[in-house]
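Residue numbering begins at 1 within each chain, and the chains themselves are lettered A, B, C and D in the order written.
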């Protein structure tokens, strides 16, 4: 297993990611999985703050798609997945940067799906609705998981299983969008 | 493997389905999977025609939920899935009976999901968008599959795989809704 | 001003409504505006309870459309409007009868809009999201309005203004759907 | 009547717009109304092409909101409207830049609506679905209007009437979103 570090909003870095992957085997799956979210009252949001969300989520998704699609098409098929959130579907107070960006990713994914599906590329968009039981959460909000109770936050492997499943779906029945959410989540 | 024949819109019949299943093992999964769709210009649709779609899709879904939920709750968990269609999401000309009914099923599923998720019941709604490669299609529209090309219509096993996957999702990451669609479908 | 009393889910009654209107002038606008909503835990909902919501909302809307469209088409144009609610868009716990029915009305309206728009009939669907400041509310929940503060519940004339506006929209820019919601509503 | 020319994606220019308006009277309505749309196959879209749509639609909407909200709040109320398109709701093949940007505007509008509604600011989002009968159309596609037939494209005054109506809605029944579409449009 190898990993490459870079900024997914920069074309050159994403090109490196794809090259590194291709050096191991023809690229079969690309996932854009951005997570930053700094909520704030709207008039406290600077242009830089607002733009940074777009760069990470939307421009990052664009770059990953631009760099990976030629490799996937050359291979004759594969998957390109984007991670969304409940903010992909609607904007709440204080969430303008994140919700605006995530909505932009969603329609980007749909546009690409409609163009590249007939080229045998499975484009998917996963709406993750809930807290993720990972390092960031355990570091910054250690009590939250306890409050939510057993399996009250999304298990990372469980999320990964869903992407894995989508990648292996028969092409006569591809999923473009699904949501994943803890069983006891109030929504 | 056993099967029981009946009318899913009738409470007594659905109670029999559940009893028959329970006689084999505690009920783990119930699926409501109705498909009738008789499009017509709106002013040609009789009250009976309109109502019959509601009975099959919405009342049938209601009965399946009413009969299966107590068994699923008694078992401590399980899955209740509903089959939707692109008509679940919007009404097109000539599709008033089907689209109205399928939208009713969708919101029914959402209501039940929000109430029974915290009781460990996974409620799901699968939007099937496209023709299904099955007996009905091969009998009544034999040329269609050929026109659509390879894997151009939904394979029944591929649809079933998706329900199977949903049933086995970790409860920290349950899917409420997903769509399935052939790779080359224009949408 | 005249009014006629009847059950909008019955074809004969709705035919009488349209006749009564036509006796005054060619029918220009028909509005289906049903409001019943009896929330309950899902397993406490009888088949009769569930069906009654469908009859009032969806079958009532169907009957109003069936009876009024021929008159509107004969007149060469007019409006057919349906009243929705936040439940039209999603189902919440305990709201299965209402949300299922209101979703059915919405897709019914869309189907009719797509078929009859090109016949110069303006079909609209108004999502009323919030309490309505009317007799029912003042009788049964007199304190609620006070709690919500000034203009915290929908003024009936304000709702009517919106239907009036929609009816008078230029046909090059017709609205199919809009929401109306009090300014301070949390949503 | 006065007008001021500038780039709505630049904070300084938008500040000038608001100052110019305020020099006449306290600002009552601000509208962000961006229209650029350059469709292209996804792999032909440069980063600059993609970003320019975000700058015009999303960053422009952000700047207009940032500059106008303090004035509207100071006045004690007013309206802030955004113009959307069918691309606000879904992405089609070749429309990634536009659909991604318009979706971003929509969720931006929703976030602001939820925060500023309770401050007496009416935030609205108008989904314009169809060709607009204006200078650009008559210059570049003169035959299109004829093909569409009478009132087959959106009349500019009719669109403006809808914004005007929204601005004058009673605050107990504000519209957050509506669509406008020619009567004979196929959708």
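Observations, loosely collected:
What we mean here is this: contacts are C-beta pairs under 8 Å (C-beta built on N, C-alpha and C of every residue); 3 or more make two chains touch, one makes a residue touch a chain.
All figures in this text were calculated on a predicted structure; none of them were measured in a lab.
Number of steps on the shortest path from chain A to chain C, with steps defined by chain touch: 2.
Put simply, the chain farthest from chain C by mean CA position is A.
Counting the residue numbers used at the interface between chain B and chain C, over half appear in both copies, so the two copies meet with largely the same residues.
Our note on geometry: chain C versus chain D, Cα centroid distance of 28 Å, whole angstroms.
The distance from the centre of chain B to the centre of chain D, each centre being the mean of the chain's C-alpha atoms, comes to 39 Å. Under the contact definition stated at the top, the residues of chain D that touch 2 or more other chains are 114. Viewed as a network of touching protein chains, the structure reduces to one closed ring of chains, two contacts apiece. All chain pairs that touch, listed by label, are A-B, A-D, B-C, C-D.
Considering their complex, residues 11, 41-43, 45, 47, 50-51, 54, 58-59, 62-63, 65-66, 69-70, 87, 90-96, 99-116 of chain B touch chain C. Across the interface of their complex, chain A is touched by residues 114, 117-118, 120, 122, 133, 151-155, 157-159, 161-162, 165, 169-187 of chain B.
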